[in-house]
Every structure is written in structure tokens, then in C-alpha cells.
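First chain A sits with chain B, and in the next complex the same chain sits with chain C.
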Partner chain A sequence: MSEQLRSFFGCGLDDDRTFDLNDYGDSIPRWCVGCGDHGVLSAVKRMMRDQRLLPERTVFVSGIGCSSRFPHYLDTYGFHGIHGRALPIATGVKLSRPDLDVFVVTGDGDCCSIGAGHWLHATRYNIDMTVLLLDNAIYGLTKNQTSPTTPEGFETNTQPHGTYLPALNPLSTALGVTNASFVAQTADWVPAHLLATLKAAYEHVGFSFVRILQRCPKFSAPVFSEQARTPDLHELLFHSDGITVPSLDKIYKHRLEHDPSDLDRARSLAEDTERTRLGIFFKDATRPCYNAIRHLPTYTAAQNIERLNRELDRYAV
Partner chain B sequence: MSPSSAATVTRIATDSGPGSAPKNVLHLDEHTLEIVSDSGEGAQKCGQIFASVSAKMNYGVWTVEIIPAEIEPPARTAAGASGNLIRFGRDKVTNWGDETNLVVAFNEQVLLARHRLDALSDDCIILIESKWAEDPDAEIRQEWQDAMEEISDRNYRVIPVPMEEQCLTRVDNPRKGKNMFALGLLAQIYGYDVEKISEQIRAQFAKKPPEVSKANVDLLELGVHWAQENLDLRIEVPRIETDEKRVVMNGNQAAALGAIASGMEFCAMYPITPATSVSQYLCDVFERYGGTMHQAEDEIAAAGAAIGASYAGKVALTVTSGPGLALKTEFIALAVMTEIPLVVLDVQRGGPSTGLPTKVEQSDLLAALFSQPGDAPRVVMAPATIEECFHSMVTARRIAKSFRCVVIVLTDANLASGQQQFQRPVLDERWHAAPANHRAVTSGERPYDWDPDTGLSRRIVPGQPGGMHTVTGLNHDHDSNVDYTPEINQLGCAMRSRKLAVLQQTMSPPPIHGDESGELLVVGWGSTKGAIEEAVDRVRAEGHAVSSTHLTFLSPMQPGLGEIFSRFEHVMTVELNYSDDPAAPYITPENRRLGQLAFLLRAQTLVDVDCWTRVPGQPLRPGHIADALRRKLSAASETEVRVNE
Partner chain C sequence: MTRRLLTGNGAAAWGARLADVDYVPAFPITPQTEIIEQLGAWIDAGELPARMVTLESEHSMLTAAGAAAATGVRVFTATSSQGLLYAMEMLYTVAGWRAPFVLVNVSRALAAPVTLETDHNDVLAARDTGFLQLHCATCQEVLDSVLLAYRLAEHPRVRLPAIVNLDGFTLSFTREPVEIPEPAVVRRFLPGFDPQSVRFRASEPVSQAVAVLGGTPYSYFRYEMHRATEQAIAAFEEVAADFERATGRRHAALETHRMNDAEIAFVMLGSFATKAVDAVDRLRESGVRAGLVRPRLVRPWPAAALRESLAGVRGVAVVDQNLSMGKGGILHAELASTLYGVPDAPVLTSFIGGLGGRNIAPEEFFQMASVTREAAQTGQAPEPRLLFTAQELREVRRLQGIALAERHETTHSGAERSAP
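Coming up: the complex of A and B.
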């Protein structure tokens, strides 16, 4: 939640506690060695520390998958739900408790397959929350089945002769949804970029959708291994209103200035997958947020009873 | 035209000579009337107003909507019959009775629909729009004649009324006003206070310009006047004055108001007949009470959002009907597993699949109890009256909250749209949950601090410092840590199940209608209560030792059932769901599929519970139930004779 909203809801601001990384959790995750999820977890904790998020007012909601184990490794509130359905749960949390900072962690199967309907609608609701799509291009937890983002031809246990269809593009999908307000991409192997992206996503008021390219050395290693080793296969999107990570300039030669308010260009950049582009594709803080539109005053039980009695009068015999 | 039908019509037409004062007034304790039209001609509105006024006059009232299956069915077809049935009387009315005594029909095809359903009494009085008999279209004239022929085997008293012709003297489009003219006819026949009805009309059209009310009241008065001049027909039903404060509404309104009264703060839904009107009502008014109504993208998301809201500290509701309940199953299991309070209102309709979307059935009972993966104990309750639709929402919320559990409330299409008056609820602040308290969690307090005896524990919700934990649908220990060990899985299952036993111990046995022991006990649940009790009363009046009992809670079941059953020689359920006819080919006692409650009761009590169930897509008739009870009694005595021999 932005400082502005915090002051609106009167929470957190008077709280000058600072936290260290361990305050957000110090348990050892059960992901495979080399799994990209580890790096995402570290970056998330760092971002929370930097932004001074209050652990008791932060909720991580997830579905089912390796990636969805995420909340268990944090000392915030967490809701490890069911496969594909993190977004509806998060919707209910944020609608009823606007004072909470809500994050969703989801996988490519969780978000883009079984939960795809919710993904589309949550994007349109534009509820203020940060959504991390940990995209390893495979079903990890269930061990190596094709997901919607598995590259065409890639052999998996369910499509052993090679994945039949071209992969779904989560960025252009998100950018195609009416009322999308924040779409970004980053990768687990570029920690500085990951952190900067998480910060920007958190600060954005609205539905901040971040696709994080995530290595799964266990099942989809070939999908990202060359990329992760080769900075030249990337292109960093930078802009004064987007993210700039000067420390990366030396290694990442390909850089492109992109104004995140330009939706048409965002769409064409997302569509063109020649290069792996990292950065904010689109951002528009003026899009209507469903949670703000639906925000309601609260009344006491006595007030409600008085009102309800008046309503009952309409039915009085 | 056949001689007989010609005779019927002409004889009755002369019956009502112009201006003749009513020769004889019928005095009856109750009467059942209905008004049927093509969809869109306003018969439902007419019926609703008549019912509201009847209730306000202190008559006992029960209404049933006659709903066409399509939005815009073709005009003048049996399938398009739309309207309202009202049974009213001096005493409390608890069901729609056996048959209709008076019909106002806007054309002969909708009348035929009712005739073919055997909905009309043999001496039914029929007031029917007369214009079709002389329609310029020969085909329509033929249809009219065929219809009169078809109904001529009954002793109906058919009274043609020039409704449209009369209305045209006041308005340009009689299709829009006939219903008020018809209301005028009814007002005169039953001797209702025209001013009371006008008041009700004005209230109905309060949001429209005053001309609208006026035009409608004009037509009402026209109907009254025409009836005074032309109808030799007066029916008088006595009424008892009472000081009791009462309200009149339908079951969906009652459930919506009950949800508000219970202090519920969040409701997520996806539109589905016949639950939609609960949601629409809440969409209109819930915000005034600080309640959020969320129309989700589907039923799954609606359940998810409700669970999310409840997890965050509110007690939330999701409203649906059978197919929606099916979609919510995985989420319901999650709520059970994480012990997040959730109320699910299922306004049952006919199934399976899309089934009979607008019609009544009680077929979701087993789905409500069992349609989750794994063992997912939850509370299931079923209001039997419209009053109970209100109060069960209050009870459901309290149970959900204090037992950290899922409560499924099963109403049905009959309760949903039927109107009845009941004692005005006295609202109570104690019905509401205490306001959320984000106190710090003390050390040692755990998210699942199951009391080892009761399984009960106190919730920790986001915002409470020191209480951070992750709830999960995976098996978990007291700290909500994922745990796959056999002991913890056994414990978690036991704790979630134990809560139902604890709840059950707070309940009383269901009351018995009739004697405490006897030959036959009838067991029912949900909206069939009134019809069952009326049937039992009739059979008891014939000297049979029959009683009935009605279950409000289906999970856990109220205590004492086995003991109650043991006091009767036979036990049978009467339900609005499917069971195999024992006499049908291939059906044996071994393979016979039983009514859903019968199935449960046998498992619960080890008593050989029989059942009589039907799926007519309409409420059960007390007369049909009484016949079934008589058959059961005589079959039982036959077997006894055989055994004695």
C-alpha cells in the first residue's frame, strides 16, 4: 500500500518500527537447490524491509504449486489456498480489509491455466495488490507436465514428443485486459532488477502484475539456462517513470527507453519475444480500482438495527 | 363447438346477468385462487399485491409463483403460463393446499396449462378473458373452442369477462393494465377494501411518476365496478383480528434481511435462479449497513472471495443454487480445513445439471453434506418456513463464527418466492459478531489451539500483532504448520468432526406433530413441513395413529431420533426429491434408491426408514401426501396380517 493510502486508512504510519530480513521469516524453504524461488523470496523480504511493511498487516495469498509454498516461508500472515484460486481469496481479503497489504504468489499453471479466468477478472477489477507470477514454464510440484507457458517443442511428461502449441504470453495477455494498470517482467537471475521491480509494483496503487521468469533446474532447466547466462539476450526497459537500475548498465548492454504510459508500445514490445525484456511495460495509476470504488463506511450494530427496523416497516402488516 | 362446451359457456354467461346483485354469498374458511397470464402481462404483480393485502388484513397466506421456464415464451401457450397462486384463510396457512378454487386467466391456453396439471378443483370458478372467443383469427377461435372442449369434462364454472374491452375504455395498451382490472374483480369477489389495495398499488409504484399509480388505481376501480354490475359471485372468508406485529415477505427477502440482521458483512455471489433475488436485494440494500456485495466472475470465485473476507475477520456469505454449490465444493472443503467461518445459502432448484432451473426440489441434501473431497464435516440446516429463512441466517452466522465452521443453509424455490406473514422479528445486537479486535496475540496462543475435548479454538486474524501464521489446506498442526504425520492427520480430522458433536449436544430433539407414539411417523425437512402436517392432520382425523416430525438440522442431526423412531411401528420420509418406485421394474428392496433424508436416517438410526418422494417441479400437495400415508398404512397392516397368519 502506498504511503498515501496508509495515511488514508490511518494504519502503519504512526508505527516507526524497522525490521531486518529475519523478521520476515528465517525458515529454510523446501525448494530444490538452484530453484529460482529462493531468489524471489530473498528479494521479497528485502523489499518488505526497505518499505518497512508491518508483518501483521501483510498477507501473502497463494494457490498450489512449488511457488505457492511461498507464504509458509514468511512471518507475515499467509493463506495457502487451492490450485488456481489465490486471486479470488485475495479479492475477498482486500475488499473487506483495505488496511492490509495484499500479495499473491502464483505459478504459471496456477495463474495461466486453472486460474486463468480469475486472472483475467482480477486484472480488470484492478484491486490494490501485488501479484507475483513465478513462471518456470512447467508444472513443478506435480513433476514435469506441460503448462500454458511451456515453449513449443519442449518435452514434458504429458507432451513427451514435444509441447504441441506455442506458449501463451502472460504479458500480452495481461496487457490485453481492459483496466490493466501495471504489467512488468523481471527474472530471478537479475536480483537487483527483481528488487527494483518489486518495489515499483508494491508502490503502484492497483493490481500490479509481475511476471518473474523463474528457473526450475529440476524440470525446465533448458528453458532458461542459456538466457540466465547471457545478458545479451536481455533488453532492459528503462524510464524515469519506470525502473532504472544503473548498477546493471555495465553488464546488460541492450537497453531501451520505454514510457510505461504507452500502452500500444507496451503491447508490441510484449508481443515481440525475440529478446527477453525486463522492466515495466505498462503502468497507469489513474485506472479505477474496484476496492476504492467499493469502499464503505462502517456502522455500529445499533445503527444497523435502527436502519433494518425501518426496512422491516416496509413489510409490516 | 361441441354441444357440451357450448352449453358450459352459455349457461354460465347467463348466470351473471348485468347488474344482478349477488344472490348467495359463499362463506368459506379459506380459499385458493390464482391469476395466470402470458409472461409479461402482470399476473404475478397482481397476485403479489393481492397476497400482501390479504396478509395485511390478517388472513393466513401462502403464495406460490407460477413461473414459465423461458424469459419470453410465445404468447398464448401453455408453456408460457405465468402468475401467482394464493391460498388464504382465517387460520395460519402453511402450504399451497390441494387445488385452486378460483382462477383469473388472461387466455385459454394458460388456463389449459393449469387444467392439465390437475391444479384446479372440479368446481373451480374461472374468470377468463372473453375476447379470444370472437378473435378475428379463425385459428385462435378454434383454439378457444378446443380448449373449452378439453375442459368440459369438469364442472368448472367458466365466466367470460371482457377484460381488454373494458380496459380499452381507460388505457391504450390493455396488456399493461389488465392485471389491475383483474385485481379489481378479485377485490369485489372477496369483498376487500379497495382503498387498502389502492394504497398497496401506490406503494408498489412509489418510484414511478404519480400518473402511473393513478392509472393503475383507475383500472382497479374499473374492475371492481364491472364485477359489481356483472358478477353474481361473492365469497366471504372470515378473519381473526390480532395485535401481533407481523411482516409479510417471501423467503428470499427473509433470508437477505436475516443475513443483515445477523451482522454479516460480506456477501459474494454469481447470479443463479432461484437464488438471484436474494443477491439482487442485498445488492440494493446491503451497503446501507456497511456490507459489501461482490458479484464475482463465477461461483468458485464467489466462494473464494467470501472465504478471503472471512479469513480477514468478517463473517461472509455466499448465495447460490445447486449447480453453483457444485462449483464451490473445493472451496468449501478449504474453509472446513482451515476452519474459516462461512455461510452458504443454497436456494435449491430441480436437478441434476441445469434441471428445472425455476422449479422447486430438495435434491441438494446429500451434495450439501458430502460433495467435498475427503472428510469435510460441516453444518447443514434447512428452514421450513419463511420466518425460519430469516432466523436461520442469524443462527447460521452464529454457528459459523463460534464453531469456526461452514454452515450450509438449504432453502428452495418454493420458499424463495412464496409469501407468508410471520411475527415481526425483534432485532437484537447480540446477533452480531463482536467488532473485530486486533489485539496482540499472547505468546503460546496458537492458530489451532484445539480444545482436546470439543475441537473448538479461537481464531487469529490478520492485523493481530504476534499472530502471524499461514493457513493452509494441507494438513496442519496446532501452529498451522504443514504436517503429514499420521497422528496429526488423525487429530485434525477428529477435531473438525468433534465440533459437530458438540453442536449436536446443544440441540433439543425435534418436536412431534401429533401423538408421541403410534403406527406411523413421517419425517420431513425444509419447505414441505406445512403440507406434511396438513396431510398428517387429515389422516389422524380418519382415526389413524400418524404423527410427523420435521428436522431443522441435517448435519449434525438433532438428538433423540432413534428413541423417537422406536415409539412408532413405521417411519417414512416425505421429500421433494427422487426415489425409485418400489413397484417399478427391476427395483428390489436391495437396489432401491431412496429419498435423500431416508438414506441418511437409515445410516444414522439403523431404523428401516421408508420414503415417499416426488419430483414434480412444484410443491407437494397435502392431499397427495395423505394418499401416500394411507397407502403406507394399509400396506403395513396387510403385511401384519400375513405375518400373523
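Coming up: the complex of A and C.
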């Protein structure tokens, strides 16, 4: 939620508490050693600390999957849903409590497979929330089955001679949906970029969709291992209105200026998967948000009495 | 015939393999996933000439299964718990299509709270869908039941899809010696699928799954399904007799243990009933004339066989591994209506046990036996009871205490920090 909205709801601003990372949770996650989810969790905590998010005004909603264990490791409000249903749960929370910051943590199975129908509509509703798609290109929790984002040819327990179909491209999919308002990509192995992307996504008012490439050393290690080791396989999208992380410039040589308001170019950049592009593909804060256009105005008690009297007067004889 | 150590999941996969299935739509879910992975591996190795497709959810999986069966091929699929519930809309629909196929359900308790171990609320939620239901207690039975289920589902007087149910973890991951019948023997017992009217045939287009307007045709079609399910009782007798001739193994609609002169009986479903077998033997040793009745068929419901096997019994302890909120055990309600009005019917006591995989200890069976004997003597059944020990209650209280303390700590430190 932006500062502007916060002041509208009268929350947060008068609160000068500061937090350290442990205030957002200090339990030890049960993900495998080397799992990319660990890095995402610490980046999320850093973002929350930097933005001074109030734990009691923050909600993390997830579905089912390794990645969906996220809410267990945060001392905010949490909602561990059922497989595929994170987005409608988050929709319900945000529409009834617009004063809360809502985050969704979902997996490539949870979001792009069994929950794909909700994904499309949630994008179109453009409700103000931040969605983190932890894409490890596999069903992790159920132990190694082809997901919609598993690369063609990759061997899994359900397709042992290699995955048959070309992988679904979550960026193109999101960018193809009417009323999409924020689409970005980052990777667990570039922490500085991850953090910057999370901040930008959080600040955007609307449905911020962030695909986070996430290593699963247990089942899909080969999918990202070369990439994670080779900065040259990446291309950082930068722009004054996008994400700029100067500290990365020395290591990540390939950089491309991209204006995130350019939807056509965003689509063609997303479609071309030769390079792993990290950054904001598209952003448009003017797109209508369901929660804003449908929100009920708040009235003071005096206003309510006046409205009531006016209504009663209509029946006066 | 070979004998091998197989898990319940392995046995289910072997059942599908021996049934020579054509098509396997699949979606993973614990504790079922092993079944589809095993089939996938066989198909990939060229050992099973079937086609498998992994879909994006159980809803699509069930839809594809029903539709494929409606084209006249033999279909197998498997799921569990949330997956079965997610497919619920299609369970009703494909049963209405009268397209026979076999769905293995590996029972697992339902959310919320999310858990992994077994109970029967998932499969019993499918009780009224039109699917037949066969419940298994051993790995051997899982393999055999898949074969029986195809014969029953495809029976000309039945023509309905069937669920074969096994308990998650207790059966799905437990290895037992299983006899794997020779393919030729299975082929004689279960020839290729004869789709009869349910099929796609060149030059004979028919429209399937039509809509009806008005209660008259609707009632007719729904009642036909009910009649077909009832006819499955006789069809099962026939099929089970053929199976016995082919393999030497007899699977009756009701499995009974020491019921001959039983004074009290347990009635239970699934693998937890094997715990009751042991309890019954021990009760017998101490002079209590106990017995066990385990319905293998839940749909069709073997009402006559139940009345017969419980005739002369004075008290029946129904142990439900499910809970219908505000009512109690589902099996108890089913049995009560079955015995209602039967002269000298036994007194029924009701126990809820084994929810979410919770064990049922021998002492608990002894306790249930004594409560049931007393009820039989007084003719008064006590209120239904949850099997739950004082020790367990203390443990839950302890966990609640920890949660409360943590919440207090968070709120407290938050308040401290926000002090100006």
C-alpha cells in the first residue's frame, strides 16, 4: 500500500515503530538446504523491514506447495489455504479489509496449473496486492512431477522420458490478460535485484505480479543451475520508472533500457526467452482496481445520522 | 502367479496394469502419487500399452476420465482427499453419463486443518454421486478390487464408474505380500471392455450428456442410476464368484470375522478394521463373544447381508472413521436405517475413531466392547463418543498454551515498541 493510501486509512503513519528482521519471524524454515525459497523469505523480510510494514497489518496468503509454507515462517497474519486457491482467499481478505497489506505466495503448480483460472481473473480484477510466484519449474512438495513451467524435455517422475510440451510462459500469460497492471521477473540468486523488485511491487497500487525464478536443488536443479552461475545469461531491464540496481552493473553486463509503460515491447521481451530478463516488464498505475472502484465510502457517525435522517425524510407525510 | 511385496499404491498400479487399461489421466497428490508415477514408468518403458496424460487438476482429470470412458475405452485414474473433493462436480456428472471406469481413492483426511493421514470423510463425501464404492483392508484386496471393480462397473446391468478405496499411509505405503495373477487368468476373468451403447462409432453419431427439461425425465434417469446400483449387489455376487474360480480368492460384499456365535460385533470400514480383528481375537480369549463385520461394498449398500450377519447379535459397536458434523458417524446412520424395524435388532453404539489417522488402541476396542455389552443389557445406547484420551487432551492443551504464550509475547512486545 502506498503512503497515500496509508494516510487515507489512517494506519501506519502515526506509528513510529521500527523493526528488525527477527520481528517478522525467527523460526527456521523446513525447506531443503539450498532451496531458493530461503532467499526469497529473507528478501521479503528485508523489504518489510525497510518499508516498516506493521506485522499486524500484513497478511501472507498461500496455497499448497513447498513455497506455500511461507506464512508459517512469518509473524504476520497468515493464511495457508488449499491447493490453487490462494488468489481468491487473498481477494476476500483484501476486499473486506482494504487497510491490510496483502501478499500472496504461490507456486508454478498452485498458480499456473490447478489455480490458473483464478490467476487470470485476479489479474483482471487488479486488486491491490502483491503476488509472488515462486517458479521452480516443478511440483516440489509432491516430489518431482511436471508442472506447466517445466522446460520441454526435462525428465520428471510423471514424464520420465522428458516433458512433452513447451513450458508455459507466466510473463506472457500475465501480460496477455486485460487490465494487467504490474508484471515483473526476478531470481532468487540475485538478492539485490530481488529486494528491489519486491519493493517496487509492494509500492505499486494494483495487482503486482512478480515471477521469481526459484531454484529447487532437490528436483529441478538443472533448470536454473547454469543460469544462476552465469551472469551473462541474464539481461537486466532498467528504466527511471523501472528497477535500477547500480551495484549489479559490474557483474551483469547485459542491460536493456525498457520503459515499463510500453506494453507491446513488454510482450515481445517476455516472449523471447533466449535471455533471462530480470526487471519490470510492465507497469500502469492508472488501470482500474476493483477494490478502489467498488469500495464503499467511509462515513463519520454524524454523516451516517444525517444520511439516515435524509432517507427517513423521504417517507415523511 | 507371482508373489511380491507391494505397497497398497503398488498393488493399485498392478491392478490397472493387469486390467490392461487404455487411458490414464493423472494428477499428483499425496499419498496417491506413487500410483500414477508407477503407471507412468511402465508406459514409458513400453510395458503397458496405455496412454497417460497429466492434467492441470483433478477436475480436468475426472472430466477426461469420464469422457474417455464414454468413447468406449478402458480408463483408470487415481486421487485422494482434496483432489476427490475438487473433482466432486464431475463425479456426479460422469456417473450420470453411465460411463464405467475405475477411480482409486487413497483416503486422506480433509482440510482444514490440512493433514496427510487417513480417514473416510473424503470417500464418503462421494457416497451419493453414483459411483460404486469398494473399500479395501489389505494390499492384496487393493489389487483384486481394481479387477473386481472393472467387472462390476462394466456389468451390463450396472454401467457405473467405481471407486476403489484404500487408506492413505496405513495401506498406501505399507508393504505386504501380494499375489499377482497371471495376465492370461485376468484376461479370462476380465476380457476387454465391451462398451455396448456407450461409445463413439464411425457413421453412428450420438449425442451424449444431454440436458432434460422438467422433473419427469430427470427423475427417470436418476432413479435408473439408483436401480443400477441396487442391481450391483447381485452383479457383485456373480463377479466375486467368477473371481474366486479364477484366482481362488473370495471377496464377499461383507467380510466377517468370528461372527458365528457373536454376541457383540464391531462394524468398520477399511484397513483399521484389521486392528479390530486382533481385538476380537483377544476378546474371545477372555471369554467375550465378539465378532467383526466389515462392509467391502459401501455402494451398493449390502443391506440384506448386513441384516443377516447381525441377526442374533445383541450389541453392535459402529466405529466411524469419519464425522458428519452435527450428526455423528455416517456408517452408524447407514446401519441404523438398515436395521430399523428389524425384530430383535441389536442395540447400536457409535464411536468416532481414527480421524486424521489417529490410532485406535486395543484397550479402546475393549472399552467399546464393554460399553456395547452394557448397552445391549440395558437396551440403552449412550451418546456417540469420540475416541480421545485424557493424555491427548493434555497434549492439545499444552500446544494451545504455547500458541497463547507466543501470541501474548508478540502483542506485548509490539505494544512496548509502539510506546512513544
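As a working rule, the second predicted complex is superposed on the first by the 296 of 317 C-alpha atoms of A that agree within 3 Å, B and C clash if a C-alpha of one lies under 4 Å from a C-alpha of the other, contacts with A are read in each partner's own complex, and residues count from 1 in each chain.
As a working rule, contacts are C-beta pairs under 8 Å (C-beta built on N, C-alpha and C of every residue); 3 or more make two chains touch, one makes a residue touch a chain.
Here the structure is a predicted model, which means the values were calculated and not measured.
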Partner chain(s) touched by A:P55 [first = chain B, second = chain C, both, neither]: both
Partner chain in contact with A:Q227 - chain B first, chain C second, else both or neither: neither
Touching partner for A:S42 - first (chain B), second (chain C), both, neither: neither
Touched partner set for A:E311, first chain B, second chain C, both or neither: first
First, second, both or neither for A:R17, with chain B first and chain C second: second
First, second, both or neither for A:N157, with chain B first and chain C second: second
Chain B versus chain C as contact partner of A:S261, first or second or both or neither: neither
Chain B versus chain C as contact partner of A:A301, first or second or both or neither: first
First (chain B), second (chain C), both or neither touched by A:T273: neither
Overlap of chain C and chain B interfaces on chain A (superposed complexes): 55-56, 64, 75, 80, 82
Sites on chain B touched by chain A in the complex: 55-56, 58, 245-249, 253, 257, 260-261, 263, 265-266, 268, 285, 287-292, 294, 296-298, 300-314, 316, 330-331, 334, 338, 421, 424-425, 427-429, 432, 462-474, 482
List of chain C residues in touch with chain A within their complex: 26-30, 33, 36-37, 40-41, 44, 52, 54, 56-58, 82, 86, 111-112, 114, 410, 414, 417-418, 420
Interfacial residue positions of chain A with respect to chain C in the complex: 15-17, 55-56, 64, 75, 80, 82-84, 113-114, 116, 139, 141-143, 145-146, 148, 157-161
Residues on chain A engaged by chain B in the complex (per definition of touch): 55-57, 59-61, 64, 71-72, 74-82, 85, 87-97, 99-100, 117-118, 120-121, 294, 296-299, 301-302, 304-305, 307-309, 311-312, 315-317
